[in-house]
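Before anything else, here is the set of structures, which you'll find just below.
Look at the two complexes coming up: chain A is in both, with chain B in one and chain C in the other.
Here is the complex of A and B:
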């Protein structure tokens, strides 16, 4: 027991809990100031996602995207590569998988398989340019990936507006993908699960990608912690000079870290089209790539932590939606809370700084009591 | 036919004026990004600062009726957020990129949140009677046909932006503090050993950077249109960072890069009548940044190789007589 309490993992968990509580309390203070029904609003935020089955479904769907984006980021951040092109990879993955599901005339099973492969492949390929530029020319991957995000968004917009969007459509979107070409419900079609399956399918559209997400988490964990490539990747991240002199092929590791991360970003895009929206629409990703960064950071870039932080983040987002619909507090409150949480989590020296202040205070008060005792020996 | 009309419209004063108009809110954050990067910290919060300042300007001007007070408050908000970035990065050891991203999230959240609380609308501030900064009519030039249309009648911010390019150049290359700032960016350890307070210099750099980005934000909400919209900066903060890299981290280069971004945007609006898709035109500057980075990297490498060669040669010249 003592061992668990003093372990690093427990301390980090404790830190997340404390920081999250601090963020929520700050959020509550803001709510108190602006809202007429602060208690109601917070109740909706904290319990809303669980109140109805369809809301649970929304929460899970949202979390799936976040977890996949978080996994993608965790790979590059473990390699200390500031690659933030997840947004671009995601939207291209969504585009490609949508196009395959809509237009390639092959049977459903193969079509979905091809949609997945295409989405993941385009995510992989989209990272090749920044990765090569970083490895061979030392061009900042932060800037190139940021630029390519916008390029990807423009490519997406170009194809959507000029080729995919039906004429006289009211929204900038494609046709809806027919149900047989989407993913089906995550509850298997077995006789004794029939009633549960029908209940879930009626209210939610959580698909079997759930299992793929679980598999992805395990794969990324094994890749990072149980393979020599993962060891090289983490060594490069924690100590690049040691990695270089230790004979690690830095260039190869760099390129692979970014491109492999792209596979999961592409997968997140596939989920957006075939799992959530069921069509290609404008602004599908809307900052989800950046939210992946927060999810990964909250989990200290540990792939096994990502599902939990992803579910947590998704819960807050889903709760915020409920709060906005039922009370007078807008959902942006959650962005504020998340920003505060992210700042506090990433502040490495914040805790030592606070401890130092407390220690100094204690010392001062100790000195004072000593002086008091010397000066007035009769008191107590 | 249509190409002709497009070409005609491109070479009109109106088009050039629109390029200037679109470039202005890019020049400010680009300069801000430049000052920060020259000091060795990248200010990733430019986007958020622009949103926050644009919002503050609109709100203060709507509630007090005083434009200049609003501008002042907007700049102060920019400074405040930049100081927060500095506090977390320099004092609490947060990675500067992550802190910047978190602050962006904070700003885009809090502006929409407060907008909704104050106006009941989440999209824009149309219900508020906010003000714009005055336009400047340059006395003599205003009446000259082509040039007058081009150079005169822009909002104060536009002239300020171009003027600040000069100011930043002088600041960075002709003042003592600017030299310190560049030294800190070039080699913080060396600067420290010479007695320069690295953290202080970076704090000041971030504050300057924040106030510049704030001016950029207010150009959006208080110059041509008295209106705040959700996520008003819409990527201009990032474009500013891109312009810094495209402009080879020099004030004039950054200015030209910002104008290139403005030009591409203005062109994209114009080519609508042609068969060229506007998205492809809008893409050009982003691709250009990537290419510029590549060129920059190749140049750097070549410079290093030459230096090594020179070094080897001098070594040979120095040591060959002795060995012979």
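Here is the complex of A and C:
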């Protein structure tokens, strides 16, 4: 059984790699047209993120956000709830954790703990409104959660500009959070790791949230596939009428799927403030919440696949940064390549369905000719 | 008289082997109203879809106006001036009434843009000519069912249809709307049109048609002048059976009362009263069958009892406790199991595994649940036992249900529902669409449960099934109990047919002691 499972996972990975390769080849053709130095540009895109330690750091930091956002999406998409409010939950998570880290006068350990709790809690609560609207008034969660993103962004802006931003600041941002109230490096402070720790800390800010992300992946996996709530959630996603008939409380499941997903979106926000930017700054989510959708779909909404697709997608983004900075190719081109990849993956996912339709048609016509020849009914 | 349409020896076999039409001869004379009656699944709609070009017959020929024709699609049928109004309307809800009428053949101005004035004018003109009242400028989404139907009819008339096929047009209408429709049909015939009217309501057949063709089991049982037959004769032609399935059934030992259904009424979302004061009792060790033509409230009754729909009034008492309008889980916890009529809608989640489908009513209980987690080892073991006991044909319980055939899917449903050791079993269409082997298996299991003391309510569109399985039978017509037959073995299908089709009624006093 394990063998089958692993080989299936391997097949999936192979599919993604092949599709990615196809997308990159198409992208290269476009690069040939627009760039004077296409080889260099592509080299920057493909190897750039690994070329320096600080770039590796950038890649990992961005990937962490993408993985958490992807996990949040995988929960709601397994329940077939088209909830896309991750962006708004992230920005509020970032805001709340930042405010706690900056202003609540308690010792560092408790302050960081409270920042995490606050960020995750606000993510949870932010989903309550669309969840209730869906459960009790059947309002499309797609619409409500999308609109609430804007509301969240504006709330964030309002607090940042009116209360948090120092008066003579040159950027719309808060004070920098003192180091003791942020997360520290992911390399533990042990004597024999000292040199590595210093090297990473100098060039990157990859924090111990890495371990929390690994834990989150496991938690979401267990939640979806091993708990009774996960069973309810997936059954509802598979056929809500069947779930109701079987006695599952659909409304409760719907609400919990969206709110629990919000916890991980909030966590992604905490990472933005306490891990990457070290302050609250305008536009800090920059659409990463929506990119979580891509990460989750690439992983077929399987939480165990999300870290891989998150890293893959993050790599493409980091490569784009390098390419933009070092060559004449604009980063928009990378968006084109990303779009092509997405298109190919969607097409590839549709392929089995199309093959099925073709097979059914064939069978139908075969049957017809069979019946026609025999001239008598073939009762099955 | 030369018939306008002749269908000769039509055979239609679907790819899955279902024989829908088996050597059907059918003819229509110009200017008549021809009723086509038969139970659900008798093959009337298939026959008409063939006439309208939507389905191709496996063999047989169609002659229109003396010329042999072959329809590849409904376009060919429309070209022969044949139009069809489907049971489910096919209108664009966001377009206006007039736009829907001309859709597909819109009047255009010289610059090729749609001539909106002409569209409105055409719609009004048609409406007046045929006496079918509409609001041409209204958005279809905002008009009622009756008017939508008139729009459908006008749509076919706009396409010059001379022969109109109406597929169960009254099933969605209120009595007043039905009356209006009948007037309109008469007006159509006065203007030289020909109407084919599909229905299973015999009263309507008598009221409107000139001739009637009765179908049963994919064959024509006869075509007669309506004035020459009584409703009883028609009912007999419709439901009379050629073969009876033999079920091995030990003698009944009636136990204590398990469920009491008292004065249940139900009103649908669209405001139609689907159930009116339905009352009966279920006893342990007995199968109570509900006979009725589909659409007479059976679905609603079952779903009200099982907590899937909210009753307007009435009580369902299980074991001394009223469970009406409780959640499905609360009803299930009282020991009520439910085999739903449509397994793909309610009975299974096709993308989930067989195991996951088998535990939906018990995953939250021991031994399956342990703390927050489900013990999937135990699930696999217990489900493996069920798969074996109910001979579900699959290599593993980890396969998705969609990998199974219809019969095996139904076995999954039956395995789950019967293995919960139900106090009351509600079985709706338990053998619909499954092969003979699986049918026998499911029927035997239901009888076995009844013999072991479960109270069973059996709803089936298959009258033979109701008659051979049930110990006691009640008939349901237009949401009301019209008759009760305390000994199922002593009643004939003709008699049941009369009650099912509303030809006869028992008085409440007559029924009281047997309900």
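In the analysis below, the second predicted complex is superposed on the first by the 336 of 380 C-alpha atoms of A that agree within 3 Å, B and C clash if a C-alpha of one lies under 4 Å from a C-alpha of the other, contacts with A are read in each partner's own complex, and residues count from 1 in each chain.
Keep in mind that, in the parts below, contacts are C-beta pairs under 8 Å (C-beta built on N, C-alpha and C of every residue); 3 or more make two chains touch, one makes a residue touch a chain.
The shown structure was predicted, so the numbers you read here are calculated from the model rather than taken from an experiment.
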Check the residue A:204 against both partner chains and state whether it touches chain B (first), chain C (second), both, or neither. neither
Where does A:74 make contact in the superposed view: on chain B (first), on chain C (second), on both, or on neither? neither
Please indicate which partner A:158 is in contact with in the superposed arrangement: first for chain B, second for chain C, both, or neither. first
Could you look at A:228 and tell me whether it touches chain B, chain C, both or neither (first, second, both, neither)? second
In the superposed arrangement, does A:216 touch chain B (first), chain C (second), both or neither? neither
Superposition-derived comparison: chain B or chain C, residues of chain A touched: B
What is the contact status of A:174 with respect to chain B (first) and chain C (second): first, second, both, or neither? neither
Tell me the contact category for A:138 with respect to chain B and chain C: first, second, both or neither. first
Please write out, lowest number first, the residues of chain A touched by both chain B and chain C across the two complexes. none
Under the touch definition given earlier, write down the residues of chain A that touch chain B in their complex. 30, 34, 82, 129, 133, 137-140, 142-144, 146-148, 150-151, 154-155, 157-158, 161-162, 290, 293-294, 297, 330, 332-336, 338-340, 342-343, 346-350, 353
Spell out the part of chain B that touches chain A in their complex, as residue ranges. 42, 88, 91-95, 97-99, 101-103, 105-106, 108-110, 112-113, 116-117, 122, 235, 238, 241-242, 245, 277, 279-280, 282-283, 286-287, 289-290, 293-294, 296-298, 300-301
Complex contacts: residues of chain A adjacent to chain C: 222, 226-229, 231, 234-235, 238-239, 241-249, 363-364, 367-368, 371-372, 375, 377-380
In the complex, chain C residues that touch chain A: 11, 13, 15-17, 19, 22, 58-59, 306, 308, 327-329, 332-333, 338, 340, 345-352, 356-357, 359-361, 363-364, 369, 372-374, 376, 435
